Every structure is written in structure tokens, then in C-alpha cells.
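One chain, chain A, links the two complexes that follow: it is found with chain B in the first and with chain C in the second.
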Partner chain A sequence: MKPTIAIREPVVDDLMDQTEKILTEEQIEKVINEVIDQETGVRLQTYVNTCIHCGLCSEACHWFLSNDRDVSFAPVTKVKDTIWVMLEKKGKVDAAFIKRCSQIAHTECNVCRRCGMYCPFGIDIAYMMLVVRRICAKLEMVPLYLQDTVNSHAATMNQMWVKPDEWIDTLQWQEEEAQGYVPSARLPLEKEGAEIMYSVIGPEPKFLAQLLGNITVIMKVAGLDWTMPATAGWDNSNMAMYSGDFEVMARVERLHHETAQRLKVKKIVMGECGHAFRGGEYDGPTWLGWMSPPIPIVHAVAFYYDLIKSGRIKIAKKVEGPVTVQYPCNIIRNAGLGSKLQYIMNAVCEDFVDLIPNDRHAYCCNAGGDTINCGPPWKKIRVQSAKIQSENFKRTGAHTIVTPCHNCHSGVEDIVDGYKLGMHVKFFSELLIEAMEIPEHLKPKEE
Partner chain B sequence: MFNIENWDWESKEKMLAEPAKWKDQFEDVWEPYISPDGEKIASIVKIGEGEFNIAINEGTWEEPFEKIWYSRFSPDGRLTAFITKDMEWTMAVDGKTWEQMYEYIWDTKFSADGKIIAATTKVDSVYSITINEKTWECPTKLQSIASHVISPDGKTSVAIAQTVPLAEGDVNAFTKGAWSVIVNGKPWNDNYADIYGLAISDDGKNVVAEYRNSICEYGILVNEKPWNEKFGCTWEPVFHPKNSDEITAPVRQAGQWFLATNGRIVWDKGFINLMHQTYSPDGNNIAAAVAPSFAKWTIAVNGQPWSKTFNECILKPYFSPDGRKVAAIAKDSGKWLLVVDGTVLGEGYDNIWPPVFGPNGDMVICKVEKNGKYAIAVNGKIRGNDYEALWNPVVSPDGTKVMICGVEDGKYYRKVVLLSDI
Partner chain C sequence: MYEFVSGPLVWIAFIIFIGGSLYKIYNMLSGAKKDITLFRHMSLKHSLASLVHWVIPFNNQYMQKRPIFTIVSFAFHICLILTPVFLLGHLVLLDESWNISWFNIPDKVADWMTIIVIAGCIFYLYRRLTDPVVKNVTDGSDYLLLAITALPFITGFIAYHQLFAYKTILIIHILAGEIMLIAIPFTRLSHMLFFVFTRALFGSEQGYWKHSKDW
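Coming up: the complex of A and B.
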């Protein structure tokens, strides 16, 4: 089988370039066969044998559509140029091939699973890309920035090298910030037996600390019994799941769940992040042997839906003007929260302008599945390949795009920048804080 | 439990405080903690803008502080907490602060008798462990401390620490190793990519930890020396309670989890997962939480899983004092259950706290939660009344009585009940 002609601008990625130089063909063959024999089964074989190479899946992929229908970006090509060759050659491939595999699987596919919906057989190409990533990870062929994030997970159990004292200190600082709005607000640390453990992703304490202040206000107004851990286990994100380092993934997920068990909470509510939900709800538990997380996990979108629908949070003043939304694949296509997201958008926005296509059919922002974590070397092609979604955003005429997912948030910011859309990008909680009613008795007393 | 023989096992009931009244007295009242002997109950309370104190039984600490958090009683009943003064932090013990102030201080640990109080501290961006006000003299500037442990006698303290600064994105330096184990202030010779699961033997002689070299290369280090065997993954090692040269850890090989002792696989059967291995008090038996197949969890004792399995999870096993029985808390179809030797006792609850065995093992006592109230359950059945707050029951050293501490109608009671009457 001839590899597809793929024209790409050269990209310098120090780790991939370095690994290419030292990988031996024996190592490669051993790892490929080990992963295929020991870590995959009928699923992979069925997908490979069922595909009739019809190419219908191409129409689903934003990479293909954004790059003038260049076939080298088509989902089936991603499979054809990676796992098919490995299987056909029984692992006898060279380091340059493995590097191209990592480029395809890590940097040119978001494992967003849109293509699977368009395949007449429901073939899950994203799954095959994850198998390719696993092989690459075991060969240490991983984009530099992504590997650095995985290293942070491995060493600190959070994504951003946040040290234990920095974490606690940030929470205490944000508690004070929240008290500026609602003097009696509290961010309860290590409260055993609380109803809810709230967990977030590494970038919140690092760059977006105000989100921790926002949730402190929201929890107080909603009158909920909640806590956050003062130990590792607070970070629900998991880039190791995407790099292919499943052992680190499992350790991170186990700690997150066991922290909730230690705190004896009834559920984990997680902030606005798509992949973290996937890791906590599905990939982590599956690897660890749990059918589903033993302490149930509720994504922020479902949480806010419950608060608004039940009247625990009332909306005082809706956000004016047209607002649209990015539907995060991992909670919408893969977990069915689409109508809840539409409900909360309508609840806080005067004029919610939906995307076309929307809900399960919405396109990926092109940041997810780790691609944004592959860092600056891979940014240009990522933004270029989000053209289709930039056009969809533009069509809405919105002044703000809401992104209930951290990766979407950063990815959509890059789209807004790259295509000069002149729109704001916000998390849902930022809109909610503006729109919600703060009851009189919770407001600061006038001096 | 320290000094348990000298606790008051005679008074049947003492009403020691009225925490409900604190709510009228103070702007805000945090969740309460009690001393191990049940004689004291304390809550952090807010007395004004940037002013906190601790309410304890009928009084408070003498001096308020700008901020207080992490109030914890030592085994000898002293109340510790972290406090700030002029934006600097320190430890306060029964209201009296340590002399030295720190940029930050967290993660209190106690020796078994409570005489030794240790915490992680940071001064001028250098991390250390401070034990009874004395900070380690460590030749290496520690960049971060992930966790620390002290031996029961308090004489040995160890930490997982970052010993080498890492620039952002420097994956090569990371792979070479930037983390190590620090024993009483002295770093081990080698650095590792990652260190996890640190433990000290009860006699304080040996230190064990997991290390990770690369994606699928994990192992166990005992006093710096690695086991010869390497594994695809490992979980936390534990020491034999009587023989500190015997160490057991879950290890992963060819996609399955096994139990290994001193590097050698000792249970012939592999599992989908295996965690929380626990020795019986005499060290003759080992129990662990295992999944013999996907989403079927149970306890294996000496490698033999119970036939009854649970579809959500199972927590750490507990041996009876004579080592003959094993109890664990399992979750099945949304309910938490008490399981003893593979049999579910009583009904399901919204929460169950760690089980406590009576002296001859035929009675298992737990704190349980149902519909937002707490109660004591014996062999899975609720006995006595509901509480607004409740702590884990403690059995007297002679095995005839149990101490139950809880809040009812806003009042804090310490009760001593005959096991035969419970």
C-alpha cells in the first residue's frame, strides 16, 4: 500500500526529532506487536476488516473540510497511513514512519468521533488513532509540549506543575475574592462528608483563578454543601489519556476518584472541561476495572442545568445581544448533554444563536483530543484546519462564544484571533455570574 | 490509640458543648473536629472581617488570627491549626503559635503518641519538613514536596521531593530524574523521573517507595535499592507489620495485576486490578481489593477471592484483631454495603465509614449515613438514635465498651456504652 502524498510545512518538534534519531527498528517492531497482541482485540480487527474504503467519513472531518478537501486529512487516510501499514508489515517500519504516525494521530486528529457518525458501519476511527498514539507513546514519539504536560501529570498529579502550596494558597485567595461579592461565601477545604467534591483542571489555579472565585459564589447562592481537596487529586484533567500513557492516566484518575472517596462525598462536580469528563467518566474507570466511576461525576453543564431548572439559581438579567456556543465533543456527541447546554444558554442569554450544525453534529473546535497541548510548533496547521468552524461562528453574528470546555476555550480563542472574528470567548460560569440573582441577604452590606 | 487505657471509660454520658449556640455567637462556624478521646469538640469560627478563632467546648482560643485552617487534634488531644499573622503562616498548638513564620505551611502529621508534630513548610521558596519547630537541614534546595510520612515513634521522617529545578518543557532533564526521597533531611543518592507510594516501616528502619523510569517501567525501591524485577505499573507498597524486611506491592504484568512480595509474585492468580493490600495484625494473612473480572469487585484473602462480587467498587479491607475475619465496605448498584468474609450484613446505606471490630470479631460497628442523618450500625443494622454529626466509634481496650461521640439537637455528647447493650 502506498502512503498518501501529504504536503505539510516542515515543523520542528524537538522531542519527535530527537526520538526519530534514536529509535531502532527492533524496538519499533517489538512495541507495535506487543500493543496489537496484548492491548487490542477483536475491536481493532473488526474495524480494519469492515472498512470498505468508501471515504464517506471524510465529509465529517473538519481537517478535510478546512483544507480544501485534501485527502491526506481524511479520516480513512489517517488509518490507512498508520495502523494499516503497521498491521500489513507486522511492525516492520522505520522511525520516520513512526514520527509521521505521531504527527497524524497526535496533531492531526482530535479523536472527536464525528467521523464515526458518518461511517455506514459506525467504525470508530478515533479509537484507532488512540491505538496509534499508544504505540507512539511507548516508543516515546510524542510531541514535546504534550509530553511535558504528561510529565507534569506524572510528577505532580496535575497538568500544570502546580505545587501543593500554590494550589491551597490560590483557593484561599479566591475565597477572599468571592467574599467581595458575597461576604458569607466560603470555599471549604477538606470537608469530609460534604455532598459535593468540586474538581477542576490544572489551568484554573494557574491562569484562570477567577473561575474558582466564581464557583465559590455560585455554590453559596445555590446553598450547596461542597468541598475541594487540599491534596493532590484535585485535578480532573488527563493529557496522559491522550498521549497514550495509560498507566499515568490511570494513576491520575484513581487519585481523583479516591480523593472523593476519602472525602466521603456523594458526587464529584467538575468544572467546564470536556476531556476531563471523558477521563473521569469513561477512560479512567475502564482501565481501572470500574464500569462507571464509583462516586458519580457530574459535568458543569448538567450541574448548572439542575441549578437553573430547579430554581436554586435564578436569573436576574439575561446577557444582551447574540451569543453562540461551542459544543464540546466529549460531553455532547459522546455524553448527550446537548439539550441541557441549549437549555442553560437560553436561560442566561436573551438571544442565543445556535450553531449549524449543532448538538451531536457540531464540529470540533480543533483544539481537543490533545492537539492544542502539542504546543506552538503545531499551532499554525491547527488553526488553519479549524476554518470550517470559524465560518460557522461568523455566520451567527454573535458577540460572544461560550465554551463549556477548557480546550475548546483556548482553541476557540485561537480561531477568533486567527480569523479576526472580533468575538469574546467565555466560560458558561462567567455568563452565569453576570446574569444570576444574588439574594439581598447575601449581598455585601452598604457601609 | 495513644493512652486509650486512661480515657474515661466510666462516665456513661457527658454533654460537653453546645455547638448549635456557636451559630448565634459567631459570624460563621466551620465543620467540627473532636479529640481522639472524645473530650473536646472544636470548630474554626469567623468573628469578623479577616478575624478567626477556634471555639472549643465552652471556650475559645485566647487570641484570634487573620486566618485559620486545617484544625486537627493530635493523638494526645492537643488542637493544631495553621494560622496567619501579617500574611505569614505558622502552626498553632492549643492557641500558642510556633515562633518561626513561614511563607506557607501545610499537611500536618503526628507521631503515634502525638508528641511530635510535623508539617511541610516553605521559606524563601525552598521547601522542607519542620518537626516540632525544627526544620530539616537539607543540603539540597528542595523545589517542591509532594508528600511526607513520619514513623510511629516520630524519629524518622521522609518526603517525596523535587531535588533538581526543571525548566518548562525540559523533558530530557525530567527523564534523567528530578525527584528523590529525603530521609530526615538527607536525599537519596539517585534521582528518579517519578516517585510514588512512600512508606516507613513501623520500627522506622526501612523506607520504601514506587518509582517510575519511563512509560511502562515501574519498580519498588527499598532504602534506595531497587527490586531486581521491573513491572508495567505498580501501586503503593506496604510493610509486613512484624518484619520490616518484607514488603508487598501490587504489580502489573502483561495487562494483569498480581501481588508481589520482595519482588516475587506470591499470588498465582492475576486480576483486572488489585489495590489496598493489607496484612493481618500478626502478618500471617494478606487481604486486598481485587477485580477478578471487569466491574466485579471483591476481597481476596491470601490470593483467594470471595465468591460474592460487587458491581461498583470495594474499599480497603480490615482484619479483626485476631486476624480471622475480614470486613470491607463495598458499593453495589448505588448503595454502600458492609461485607464480612464475603457476606453482606444488614442493609445498604448512603455512606459507611471504616468498620471497627469488637474484640472477638463477631461484632462489626460502623458509622453509617442514611437520608442525611448519621447513626451507629452493628453488623449492618442501625442501633440507637440518629445524630446530626457523628464520629467513628472506638472500642475500649478491654473490649467491653464502645465510645460514641455525636451531636444531637445541637448538643455534643460523649457516650460510653457496653458492647452488650448496644
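Coming up: the complex of A and C.
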């Protein structure tokens, strides 16, 4: 089979360039065969032996569709250029090849699983791309910025090198902010036996602290018994799951769940993040052999759905004008929250304009699955390859795009900038806080 | 020669086909046991739901989007499997040696079904040569599989119409059928065996484990 012709602008990635220089072919061969023999087994074999090379999966992939149907971005091509060669050569490949594998699996695939839905056999190409990532991670062939977040997870158990005192400071500051709206609002730290542990991703205290203030108000208005941990274990994000460093992934997930157990809560509610839910609900428990999380995890979308549907939170004033949404793959296609998201969008927006395709068929924002965490070197191609979703947003004519996922939020902001869409990008809680009714007795007293 | 290919070789082909298929499936299932998560992600209900949505034409969004391919693909596979099993000529042979028989399709219809299979192969070949994605993942083995699939039907057609060299063509036809049977478990034609399992896994993961759907 002739090698695929892939034309890419050269990208400088210090870690990958460095690793390419020092990797030996013996190391590579050993790691490839180890992973394939010990970690993948028949699943990979069956996928490879069943794939009839029909190319039907290509139609699924936003990379392929956004790049004028460039063959080198088609899902089956990504498998051909990585796994097929590794199997055929029994691991005897060079460092340049591994670098290209990392480029394909880390920077040109969001493991969004859309292609699995378009293959007549249900061959899960995203799974195979995660196998490639696993091999790359074991060889330390990982984009620099991504590896930095993994290192942060390993050293601090959060993604953004947030120090323990900074974490507590931020929470207390946001509690005060929330009290500006609702004076009796509290952000209870370390409350053992609370009903709910609320957890967020590392970037929230770092860049988006107001979201912590928002949830403090929402929890008060809904009258819920909740808490947040003051210790490590508060970060539910997990970049190691995506880099392929499953040992660190498992440590992060274990600590998150153990923190909830230590606090003796009934459930974990997590902020608006897709991959964090995937890690906590699926990938983490699977790798750890638990299968399902010991304490139920509720994603923000399902949480808000319950609050609105049950009337615990009432909507006073719907958001005016057309508003659309990004369907985050990890909670929609891969967790089935699509109709709940539509429900809450309709509940808070006067004019919710849906995307086409929507729900589980919606396209990825092209930030997820770690590609945005690969950092500035890889940004240009990422935004360029989100063209198809930019067109879908444009068609809605919305003034705001709601993104109930942190990765989507940043990714959609890049799309809005890159394609000059002139739209706002907001989390659902930001809309909710404006639309919801604050009962009279909770409002600040007029002086 | 004719006696050999239509006698012992048929036995050998069927034994290899059935034995090989069972072996492949056994191998897969016993390997799957090592992956402790696989079976725990699976559910019968969601496996069947996935199969129902992918073996009934136009029962999922993707098939609706590409009607021509879907029609060709279903027509091809249905004819491919039904024609040899219900062909009068085959049933006569079966009756002669084993004294069993079942419903047969009229020769005229079988003739058209053969043409559909050959046309399907030409369609697949055309895609392989022209669609850039398919072309990029094609090598000799893909053409070989197409040839293995098409040959029994092409030769069957020629033999039935007695276009030329009847005896030779008939022998080639029987041989081609035997090659196809033998090839199924050991090449990517084994997609016939694994289809149910790959679908069941993805359907279960999407439906049972992830509370979503895969169609």
C-alpha cells in the first residue's frame, strides 16, 4: 500500500522535536509490541481484520470535511498511517514515524467517536487513536503543552499548577462575589455528609472564577446541600486520559472519587465540562476496573435539567434573540444528554435555534479530545479544520453560542474569532444566572 | 478433474469454511475474555438494537444520506448470499448426493441476481479506482477479495448460459466457489463473521454504557 500523501505546514513542537532525536528503534519496537500484546488484544485485531477499506467513515470526520475532503484527514487514513504500519512492520518503525503518529492521533483527531457511528461495522476508530496515543505517551512523544498539563496533574493533582492556598482563596473570594447577589449564599468547604460534592476543572479557578460564584448563587436559590473539597481532588479534569498516560489518569480519577467518599456525599455534580465527565464516568472507572463510578456523577446539563424541570429553579426572564448551542461530544453522542440539553436551552432562551446536524450527530468543535491542549503550535490547523462547524454556527444567525463544556468553550471562541462570526460564547450557567428568578427573600435588602 | 473438484474438494472447502469460521470466532471470544471490560460493557438488548438499525436498509441516518450506496450494498449482499443457496442447479446436486432439498428460486430470477452481484463488484471496483479515500487505502489484497467474490458469479453466469467451453468453465466455477468459501474465515471477507460482534460492541458501548445511540 502506498504511503498517504499528507501535506502539512511544518510545526515546531519542542518536546516532540526533542523526543524524535533521542528515541531509539529498540525502545519503539518494545513499546509498540507491549501495548499491542498486553493492552489491546482481540479488539484491535478484530477491528483491523474486519475493516473492509470502504472509506464510509470519512464522511463523519470534520477534519476531512473542513479540509476540502483531503484524504489524509479521513478516519480510515488515520488508522492506515498509524496502526496498520505498526502491525505490518511488527513495531519496527523509526522515530519520525512515531512523531507523525503523535501528530495524527493527538493533534488531528478529537477521539469524538463520530466516525464509529458512520462505519457500517461500528469500528471504533477513536479507540484505535487512543491506542496510538498510548504508544506515543509511553515513548514520551507528546505535544509539549499537553505534556505540561499532564505533568501538572501528576505533581499537583490539578491541571493548571494551582496551589492549595490559591484554590481556597479563590473559593472564598467567589463566595463573597456571590453574596453580592444573594447575601445568604455560601460556598461550603469540606462539609462532610453534604448531599452533593461539586467539582470543577483546573482552568475554572485559574481563568474563569466567576463560574464558581455563579454556582454558589444557583445552589442557594435551588436550596441544595452542597460542598467543595479544600484539598486536592477538587479537579475533575483529566488530560492524562487524552495524552495516553493512563497511570496518571487513574491517579487523578481515583483521587477525585476518593475525595467524594471522604466527604461522604451522595453524588458528585460536575461543572460544564465534557471530557471531565468522560474521565469520571467512563474511562477512569474502566481503567481502574470499577466499571462504574462508586458515587454517581451528574453532569451540569443533567443537573440543570433536574433543577428546571422540577421547578426548583424558575425562569423569570428568558434570553432574547436567537441563541444556539455546541453539542459537546462527550456528553451528547457519548453520554446521551442531547434531549436534556435541548430542554434547558428552550427553557432559558426565547429563540433557541438548533444546529443541523444536531444532537449526537453534531460535529465536534475541534477543540476536544486534547487537540486544544496541544497548544499554540497546533492552533492554526485546528481552527482551519473546524470550518464545517463554523458554517453551521453561521447558518443559525445566533448572537450567542452556548457551550456546556470547557474545551468546546475555548474551541468555539477560536472558531468565532477565526471565522469572524461576531457571536458571543457562553456557558449555560451564565445564561441561567441572568434568566432565573431570585426569590424575594433571598435578594439583597435595599438600604 | 470434474469429479475431484465437485466431490472431495467440496467437502474440504466446506470443512475449512465452517471449521475455520468456528475457530476464528472461538479465538476472538476467548481472547475477548482476557479484556475484562469488554463483556461488562455489553448488553443483549443494545446489541440487538444496533443490529436492527444497521441490517434494515435506511434505518439509520447515514444510510438515508447515501441512498445509492445503500441500495447497491444491500442488493449485492442479499443476492450474494441467496443466489448460491437457493439456485436450482445447486439444489439438484445436493438432492443427488444427499437426498435433501429446499425451496429454489426460478432460474430467470437467479440469473438477474447473479448480474446484480457482478454489477455490485463493478461498482465497488469503480469506487476503489476513483474515490480518493478508498483508493488511498486500497492495495492488492482489496482487488483480490473483489476477484474472489466476483469470480464464482461471473463463471456461474457463463456456465449457465453455456457461452463457451462449458466443461472447463464449470470446473473453474466450482473451484472459484470453493476458493471463496475457504477465503471467508481467513481474509477480510471474515467481515461476514465479525459484523455481528463489532456492531454488538459498538451498539452496547453507545447504548448501554453511554446511554446514547449508534444510528
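Before moving on, here are some points about what is shown:
Everything that follows uses one rule, which is that the second predicted complex is superposed on the first by the 447 of 447 C-alpha atoms of A that agree within 3 Å, B and C clash if a C-alpha of one lies under 4 Å from a C-alpha of the other, contacts with A are read in each partner's own complex, and residues count from 1 in each chain.
The rule is short, and it goes like this: a contact is a pair of C-beta atoms (placed from the backbone, for glycine too) under 8 Å apart; a residue touches a chain by one contact, two chains touch by 3 or more.
Predicted, not measured: the structure shown is a model, and the values here were computed from it.
Superposition model on chain A: chain B and chain C are shown accommodated side by side without a clash. Rounded in steps of 10, the angle chain B-chain A-chain C defined by Cα centres in the superposition reads 120°. In the superposition on chain A, contact of A:Asp306 is made with neither chain B nor chain C.
Look at A:Gly116: by the touch rule set out above, it reaches chain C but stays clear of chain B.
After overlaying the two complexes on the shared chain, residue contacts for A:Gly193 are found with chain B alone; chain C is out of touch. Residue contacts after overlaying the shared chain place A:Asp169 against chain B, while chain C stays out of touching range.
In the superposition on chain A, A:Met291 contacts both chain B and chain C. Within the superposed three-chain model, A:Ala230 lies in touch with chain B and out of touch with chain C [touch as defined at top]. In the superposition on chain A, contact of A:Ala137 is made with chain B only, not with chain C. For the pair chain B and chain C, the minimum alpha-carbon spacing after aligning on chain A is 6 Å. Overlap of the chain B and chain C contact sets on chain A: residues 289, 291.
Residues of chain C touching chain A in their complex: 27-28, 31-32, 34-38, 40-41, 50, 54, 61-62, 65-66, 69, 73, 127, 131-134, 136-139, 142, 188, 190-191, 194-195, 197-199, 201-203, 205-206, 209-215.
Residues 1-2, 4, 41-43, 45-47, 49-56, 58-59, 64, 69, 71, 74, 76-77, 80, 116-118, 120-124, 282, 286, 289, 291, 332-336, 338, 360-361 of chain A touch chain C in their complex. Taken together, the chain A residues at the contact with chain B in this complex read 15, 38-39, 137-138, 140, 144-145, 147-148, 151, 154-156, 161, 163-165, 168-169, 172, 183-184, 186, 188-193, 230-232, 245, 247-248, 250-251, 261, 264, 266, 288-292, 294. Considering their complex, residues 27-28, 30-31, 49, 67, 69-70, 103-104, 106-107, 120, 122, 144-147, 162, 166, 168-171, 174, 178-179, 193-194, 196, 212, 214-216, 218, 232-233, 252, 254-255, 271-273, 291, 294-295, 297, 311-313, 315, 331, 350-351, 353, 369 of chain B touch chain A.
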